[in-house]
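Each structure below is given as structure tokens.
In the two complexes that follow, subunit A is the common piece, with subunit B as its partner first and subunit C second.
What follows is the complex of A and B.
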């Protein structure tokens, strides 16, 4: 098994204070390994982005880590002061955001962005930084990179801007690259290109990639390991093949069955999971998915299921799945 | 930007006229004392109220002073009050606005309270109070003007900083480990400075006019300083015998207003990054 780049151990994050608090993450454990792309799937509000922000030490001020550890390498970054976190951001962990139209400063040129991304390197001269910027643009597939440096973000297409954002994230040579829904704002053709790029980068960067998406197709295409989130909990984790071919958790199964790409022929109705993702303000008394689960039993409603590790990197949080195996 | 001046004149004629007028005023303000044919305060009673001629381009006033020389000398004063105070106000207001908008919330509340308090005083009344306290002088006038401009600019910068603070690109920059100073200076400043520059440019003529108005009320620059407002005021006394004095006093105010306004509008178009590289 390859080196652990980052890991989250029993992490719980809450926004605000009781009684209006929101328990955005509850006892989540996850390990990210070098050379792997780990996918995170879940509906909006399932805690995917909170997890990403926790990993890069950018949780908003209203958020508190109530328990658990966030480890980058061997260092626990939960509760570190801002100055120490800043040393990690962009150097050991980098992030690419969802919307490439707004993730670049409108009044800076592409070159300005890429030079800024190297702000830690005070030793190299401007021309060396520029050369490196051109190099990294070429690596992410931007045509005619030298000419792009003087252009402004609004002169580039969405796909090109997203490549620039990825280039910026790569310049710090991070061990962990977080891609938070980076293809959601792009059309399918561009999405395919960006996914292809990420797959190429996996072997190139000496580290892990965390790929957050609600597009199961994208997850299936590029991820090695998949973690399924629901309402702030990790409900199932496993190698990509297992998650898609033999899901254990009813939620994973329902999610898979709702993927439009799986529906054959012309369907009149898109399948959906009845009910809504709950906003969790107090620790649940049963399985968090029970109200929407078609298989829920009395046990599910009254007892909180514990995480059951089935194999290395494979586990589920469900009474039924555990009793079955 | 523009390859040459003629290119500029062709593509943006109003901006070009604005630039020309502002350059002219700057030139007059900087070198007016050398250019003036007569000493601006030299009294020559026998040749009072002369009509414009080659000898006295804009005639003379009721004390026989050369109006053209006084206008030239007045531009230095107008620039000092208009451009210097506005410039200082822009710098101080921008810094305060950035701090209020990006800093912690308690600091924002304190600064906002101060801005709003000073902003809520009526200009002329506070002016009267300050002049009574410190006596009429150029410094008092400049201080008064800055007291009103700084909070206005600071509030403008604060609100755009607040908007920029929440923008994705700021989060993206923080995710790269950029420090707050770096984010403010390199990224937020260029995105918020545009509106302030434009407002400031439009404020310059307003301040020049305000100076004229306050001088007229006896609150501005004390005589015999040759301010445009004073020339205008003194001219009204002899408007029947010598209408050229009022015209000569009003013309530079009008030209300065037009010049700075045109330039301001041109700058607005230029500073909007969405328009850069187009055209």
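What follows is the complex of A and C.
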């Protein structure tokens, strides 16, 4: 098994204070390994983005880590002061965000962004930084990179801007690269290109990639390991084949069955999971998915299921799945 | 870009022309006949007719406007009734001190207002933020001439830190700057409040922008994030506001000039108006109108420099 780059241990994050607080993440444990792409899948509000922000030390002020650890290498960054977190951001952990149209400053050139991304290497001189920026732009598939440096973001297409954002993330030579819904705003062709690029980067960067998406097709295509989130909990984790071919949690199965790409022949309606993701304000008293689960029993509604580790990197949080195995 | 500049300059010229027609009409509406005023009540009808013809007052109004415009465009604003010097010279003499005072006032307003606005925006809702907003509204509410009098009393008369009157020795730049500090502060302080409120609002918005989050994710130091990523765009509404408010700034400057007995457009126009020295009044107001008209294209150019997307749409 390869080196652990980052790990989340029993992490709980809450926004605000009771009684209006939101328990955005509850007892989540996850390990990210070098050379692997870990996919995180879940509906809106499942805690995917909170997890990403926690890993890069960018949780908003209203958020509190109520328990657990966020380890980057051997360092626990949970609760570190801003100045110490800043040393992590863009150096050990980099992040690419969802919307390439707004993620770059309209008043700064591409070159300016790429120089800023190397602000810690300023000592090596402007021309060296410039050369490296061109090199990384070429690596992420930006045509005629030298000419792009003097252009402004609004002069580039969405796909190009996202490549620039990826280049910026790579320039800090991170151990962990977080890609938060980076293909959601792009069309299908561009999405395929960006996915292809990420897969190439996996072998090139000496670190881990965390790929957050609600597109199961994209997850299946590039991830090695998949973690399924629901309402702030990690409900199932496993290698990508297992998650798609032998899912254990009813939610994972339901998600897979709702993927439009799986529908064969003409269908009148898109399948969907009845009900909505709950906003969790108090610790649940049963399985959080029970109200939407077609298989839920009395046990599911009254007892909180614990995380059951089935194998290395394979686990599930479900009474029924555990009793079956 | 060049087309844009030309377009803005043409617009300014149009504004100036309209203002000039209004100015012409206003001077005409003031009761009293300039010729009788100049020659006195006992002038002979021949002398009156001669002077009327000489000044073009016997022509139809449209012709007079045309004549006036053509004279202005050839740089002739008439003659100062008292000193018999060309009005152009008199106005050009008074312009630099007023311009310096107005710009220094903007300087004070920006130097205090922008940092205060940023400071508040970075900690919205805190005690400091609320205290600063009370102070801002207070600063907006003090009329500049009142402030000028108190500044004069306290800093110049009581403490003796700054000179009391005048604009300083000719050719002695340091002395002139020293004479400028206090009046400029009086002009600028009211605008500190406006600027702080405006910058605070747009900075709070800017700090929530996605590109600021990107900058934070790079681990850039806070001052770089604030200045390079947030403030550069957050300052745009403030620049627009300053461009539009140049009229208000000029009128503050005019009042403050009087308190500090500084030479300048304000003193010039006030004295000329009291003495019915119409050519000088017209020339002075025209200079103010032109200043106002060029302030807007300048602020537009600054905005285009700050936000490249504006350049694209030009």
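Rule of thumb we're sticking to: the second predicted complex is superposed on the first by the 325 of 325 C-alpha atoms of A that agree within 3 Å, B and C clash if a C-alpha of one lies under 4 Å from a C-alpha of the other, contacts with A are read in each partner's own complex, and residues count from 1 in each chain.
The criterion applied here is as follows: a contact is a pair of C-beta atoms (placed from the backbone, for glycine too) under 8 Å apart; a residue touches a chain by one contact, two chains touch by 3 or more.
All values reported here derive from a predicted model rather than from experimental measurement.
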Putting subunit B and subunit C on the same copy of subunit A, do they fit or clash?
clash
Looking at A:56 after the superposition, I want to know if it touches subunit B, subunit C, both of them or none. Which is it: first, second, both, neither?
both
Could you say whether A:15 touches subunit B, subunit C, both of them, or neither, answering first, second, both or neither?
neither
Could you give the residue numbers on subunit A that contact subunit B in one complex and subunit C in the other?
56, 58, 86-91, 94-95, 97, 99, 102-108, 116-117, 119-120, 152, 154-155, 165, 168, 172
List the residues on subunit A that touch subunit B in their complex, please.
56, 58, 86-91, 94-95, 97-99, 102-108, 112, 116-117, 119-120, 151-152, 154-155, 165, 168-169, 172
Partner subunit A, residues of subunit C touching it in the complex:
209-221, 224, 228-229, 232-233, 306-309, 312
Going by the contact rule at the top, pick out the subunit A residues touching subunit C in the complex.
56, 58, 86-91, 94-95, 97, 99, 102-108, 116-117, 119-120, 152, 154-155, 165, 168, 172
Enumerate the contact residues on subunit B facing subunit A in the complex.
167-169, 171-179, 182, 186-187, 190-191, 273-274, 276-277
